[in-house]
Amino acid sequence: MNQKINVAILGATGSVGQKFVELLTDHPWFQIAELAASERSSGKKYAEAVNWIMQTPLDQEIGEMVVKEAKANLSSKLVFSALDSSVAGEIETEFANGGYTVISNARNHRFDDDVPLMIPEVNPEHLEMLKNQKSTGTIITNPNCSTIGMVLALKPLHDAFGIDTINVVTMQAISGSGYPGLPSLDILENVLPFISGEEDKMETEPIKILSSIENGKLKSPDIKISAQCNRVPVIDGHTECVQIKFKTKPTKEDIIKVWKEFRSEPQLLNLPSAPKLPIHYFDNPKYPQPKLHRNLENGMAVSVGRLRECSLFDYKFVVLSHNTVRGAAGGTILIAELLKAKNLLSEI
Amino acid sequence: MNQKINVAILGATGSVGQKFVELLTDHPWFQIAELAASERSSGKKYAEAVNWIMQTPLDQEIGEMVVKEAKANLSSKLVFSALDSSVAGEIETEFANGGYTVISNARNHRFDDDVPLMIPEVNPEHLEMLKNQKSTGTIITNPNCSTIGMVLALKPLHDAFGIDTINVVTMQAISGSGYPGLPSLDILENVLPFISGEEDKMETEPIKILSSIENGKLKSPDIKISAQCNRVPVIDGHTECVQIKFKTKPTKEDIIKVWKEFRSEPQLLNLPSAPKLPIHYFDNPKYPQPKLHRNLENGMAVSVGRLRECSLFDYKFVVLSHNTVRGAAGGTILIAELLKAKNLLSEI
Amino acid sequence: MNQKINVAILGATGSVGQKFVELLTDHPWFQIAELAASERSSGKKYAEAVNWIMQTPLDQEIGEMVVKEAKANLSSKLVFSALDSSVAGEIETEFANGGYTVISNARNHRFDDDVPLMIPEVNPEHLEMLKNQKSTGTIITNPNCSTIGMVLALKPLHDAFGIDTINVVTMQAISGSGYPGLPSLDILENVLPFISGEEDKMETEPIKILSSIENGKLKSPDIKISAQCNRVPVIDGHTECVQIKFKTKPTKEDIIKVWKEFRSEPQLLNLPSAPKLPIHYFDNPKYPQPKLHRNLENGMAVSVGRLRECSLFDYKFVVLSHNTVRGAAGGTILIAELLKAKNLLSEI
Amino acid sequence: MNQKINVAILGATGSVGQKFVELLTDHPWFQIAELAASERSSGKKYAEAVNWIMQTPLDQEIGEMVVKEAKANLSSKLVFSALDSSVAGEIETEFANGGYTVISNARNHRFDDDVPLMIPEVNPEHLEMLKNQKSTGTIITNPNCSTIGMVLALKPLHDAFGIDTINVVTMQAISGSGYPGLPSLDILENVLPFISGEEDKMETEPIKILSSIENGKLKSPDIKISAQCNRVPVIDGHTECVQIKFKTKPTKEDIIKVWKEFRSEPQLLNLPSAPKLPIHYFDNPKYPQPKLHRNLENGMAVSVGRLRECSLFDYKFVVLSHNTVRGAAGGTILIAELLKAKNLLSEI
């Protein structure tokens, strides 16, 4: 590759926007060329517009960049959207109509008919849907943070044994609520048994993601799902207790083997952000834990453990993934890398 | 009542032992007469033997009491046991054989054939089992902290509609692991997806507690249970996500009505530690929360909320209870109050 | 007292406002008659207008009260102000001009010439300043939360030995920043070494509070102060490391004796919210701790410990106090009780 | 360098020992050849002997190494000691007498006459003291974690302006207490105002470290110090509020310039673990914070901020450093690198 592709980040000052900035600084394929945000921030230097909360320091050059308004007149044709869902729908449509390729972390377009809801290791073949998009540009969406870790762990099991039922209870990190997000008085030394809209996302998104595709049309799998979502005093890393009933019940060893051997397109294409092992399996009954395992493979791997038989379903286990990396900015960047590797950004 | 009953606390220096001391100081019916612990502490003043971690100051007079060894030569005939399970089994048997009435928070005797595993609001009729105990004394056990809150919330539903299946995922407080218990480096900003032995307790204890009794013999109900137990950075209060399938599915309003109207023997007998309302139901979808609701009715009530239909079971909801009060020392004291009110301590 | 005095709470929906509601529910002398807040809340039932974050449940009757606007047309003549400082100055003046007695937790009027800045145990004689107030009503202010604990611990030492220099470093609880206040991502597993305006308050307020009064005029003591203020992940309770140089250096025993024997007007008048012992001294080198001691005497006592000689000053020690009780709503209510006991509310 | 130097880690299973393992895996100059611990662990595979609590996974090859006993019969001549102070004194002496070069994080030999107490950027010239050591081997010690950050920030100021007085209050992370270390019930949502022995270390170690050296003998500077040490619920990173009086008071700009320009031998020698900038100065009044800045330059830099004039001393500021990296294992490794670069390991 001779030259990096210029990219813009929409919603660059928010917490997911900052994570995009952090992960795209020094990216081998992409170059942050434009930072865009609301009218309030536009015109300011990024370092002044942002309340930087990442744990690595803000790159000085990027801090000097002047923030633009999130309007479809940017020069970069590849656009990462970290916009708030209150505005993302309309703005992203505008960009798509303007010929941009928009890869979005917002929920607004996730269930649009011709928009892929994509985890690159899980449903890369859904890129075929893009042919049906009528705009001159393109929208691809990244699923909800709590969906991604679970579905990534389930994908190879679904392929091998067929999943019938999923029951999940989550213990989610506070970074998932953005910044300023959750007040400290609400969560310090506490559990919140409710996250608005989250359970619905976890009960519907996996169906679309795990759909097969025939002639560019999705065909839903017959999977029943129940989700219960909680917030706990953890900074990063969603922990999820999952129970599964299969079409055909495998042995415990079968499951572990399938997890350990799972590789998919991002691994085969050697994408820069792809984890070498998408799924790390642990025997130690105390694992996985957010503090210990969220950063495995730069936060792009998911960790699973405590696999055991369940008297009500077939098996139960625990899955952990980094919600703002694999579950948000990192996953979205991986989609862009997939597009690039498959020559779907050739005109950019 | 003319005179308070003298009681002894075994394992008085541990964290549950301290909670017994806190709750029995100024108790209207019982008087702390003896504090007993391991050989290491015996002979010392209690204030010196204990590393007091309760949030109310240690009563000065009690601090001056000299700790005795936990041997069956105490003068108090009513004994509360907060002994560690590594020693509780043998010592409690010794006391029972010595004619003492032992009410224990330890797990050792919970599944003994003639020993009630008791939540006073749930199975007071199990006291009938005591007739079968062969020792001159008596042993009654208090269930595990994570069991109690759930079963208390389920009891009136089981009576009204019949429970078929229980699925539960817990988020448990650190005080459940005793003192020193969990190292801070293990739990600060973290979740532990494993608590040794806990899931087994939650899957077996409810069966015994919810058994009917015929001629002094227990008859197990036909209920299937699966439990997944996690530790979270909360000081007190176990939060549990529960899913239920009924023999006969009630409406949501039926369930709420049954919860709100539930009263049992401790309420009818007006026992000093009994909550006026054993079950507090909340409509607010953000409730219950450990920080806000664990201390309701001095920590003796359980709180439930987020009741909603479930696509896999019939209903799902969240239950919260104070693990060291209702789930340990407070529940154990309530058993003693029940005995007293039913004249089963008459010889003491 | 035949009848309770009707009171209004201004800013009743905020976190300090809620603490006022909690502490005034069932108050022996005062009766919550009106709750007032911003235009946005006025007209709603309190239970609907407020996001209740107290750990005791909201009283049902009070929840049914309709919130009024914070304007000087209320019927209650005794008014507790928990208004935000962005609006408190003007509104409180309006109430004072309207003949109300305003006791305020806001900072706006603290340094007005004729307005007492009062800790009832420390400078009750400053009520003399009220004679100079020109409005038909009255304003009295409660100091900053971090000031109160320290000055209460220093007052008897200043009286006995004369304080020359104070050096203080604070570790303050998050409840001091109100609600929603501090974002959880800023403080979970973190320390913030800055609290806007706080150091200035701690360096100036003690001077006014410890002033002597001559003919209704304050005369400042000659005390030098330096403060450094930090926020730590604690819910309630400010911990402060204090160093003191005296005019005349006492012995350690002298200091402890003075602390233990300290009683002041609120104790002599037996005010309902007054702690029996304003200052609790601890020998245990691990004490005081916010989790263990903030609630002593219903949160109205201060705890001191770790008294030892200092090579740079004379002595150093640690002081702890409950920032939203003693440091805010509780302290403000105690001022009103002092007024009542001294017949300064006779016309109300 | 043709070949890496074989090193042994004593006390390899403890928390500092684990940090040594983490930092020495893939070290460019040193190769972990032997892991030693107490008799209880010796003979086991490291992966089985250790309760690994680092946030990066244990290297598999190192996990396979068999733990040896911490006795002076190891083959590696360069030895890092993370031994507990209860045994470190004797064992380290034994190794020194056996001809080993021991670089220790334990406190036992810190004040031995001929043993350097070293921060490589601060007092590299103290290596001259080694000539006086009578054993065939060598002992060099790393200071206490809370001392290092402060003295590193003060060193260039002392050189430039002369320090007269230091007053410090710390807010220290829990990892400083080792593993299992602090019970979670002691520190979650709490502050501990006492760390055994810590204040004494902070008041004495800086004097030795900042001593000048004449003919191999140390000459103490005339600096007065007072320290107050607290534990707060932070995992890694000690935050310290420091006040300084100088021999000659500089301007604020002078101080910032000196901090920004400070480089020392580790930087000049380009040592692998040396931070490019030993001291990072921040203008933002909210900085430094442990969560944001502890990992700067792989945890080897110290961060300073909030520099402002002080009415009691000359200036006050906040310093932050990573207590288990710069303050323990990382600092100790940097000493070894200094030895190597100065050809003081030539016989190894």
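Letters A, B, C and D name the chains as they come in the text, with residue numbers starting at 1 for each one.
Just so it is clear, a contact is a pair of C-beta atoms (placed from the backbone, for glycine too) under 8 Å apart; a residue touches a chain by one contact, two chains touch by 3 or more.
Please read all numbers here as calculations on a predicted model, not as lab measurements.
Contact with subunit A and subunit B alike is made by C, D. Counted by C-beta pairs in contact, the busier of B-D and C-D is C-D. Of all chains, the one whose mean C-alpha position sits at the greatest distance from that of subunit A is C.
Note on chain placement: the centre of subunit B and the centre of subunit C lie 39 Å apart, centres being C-alpha means. Centroids of subunit B and subunit D (each the mean of its C-alpha atoms) stand 47 Å apart. For the pair subunit C and subunit D, the distance between mean C-alpha positions equals 42 Å. For subunit A, residues that reach two or more other chains under the stated contact definition are 53, 188-189, 233, 235, 291-292. Subunit A makes touch with subunit B in their complex at residues 165, 167, 169, 171, 189-194, 203, 224-226, 228, 230, 232-235, 239, 241, 243, 285-292, 305-306, 310-313, 316, 318. Residues of subunit C that touch subunit A in their complex: 15, 53, 174-175, 179-189, 233, 235.
By the touch rule above, subunit A contacts subunit D in their complex via residues 53, 55-57, 188-189, 235, 291-292, 295-296.
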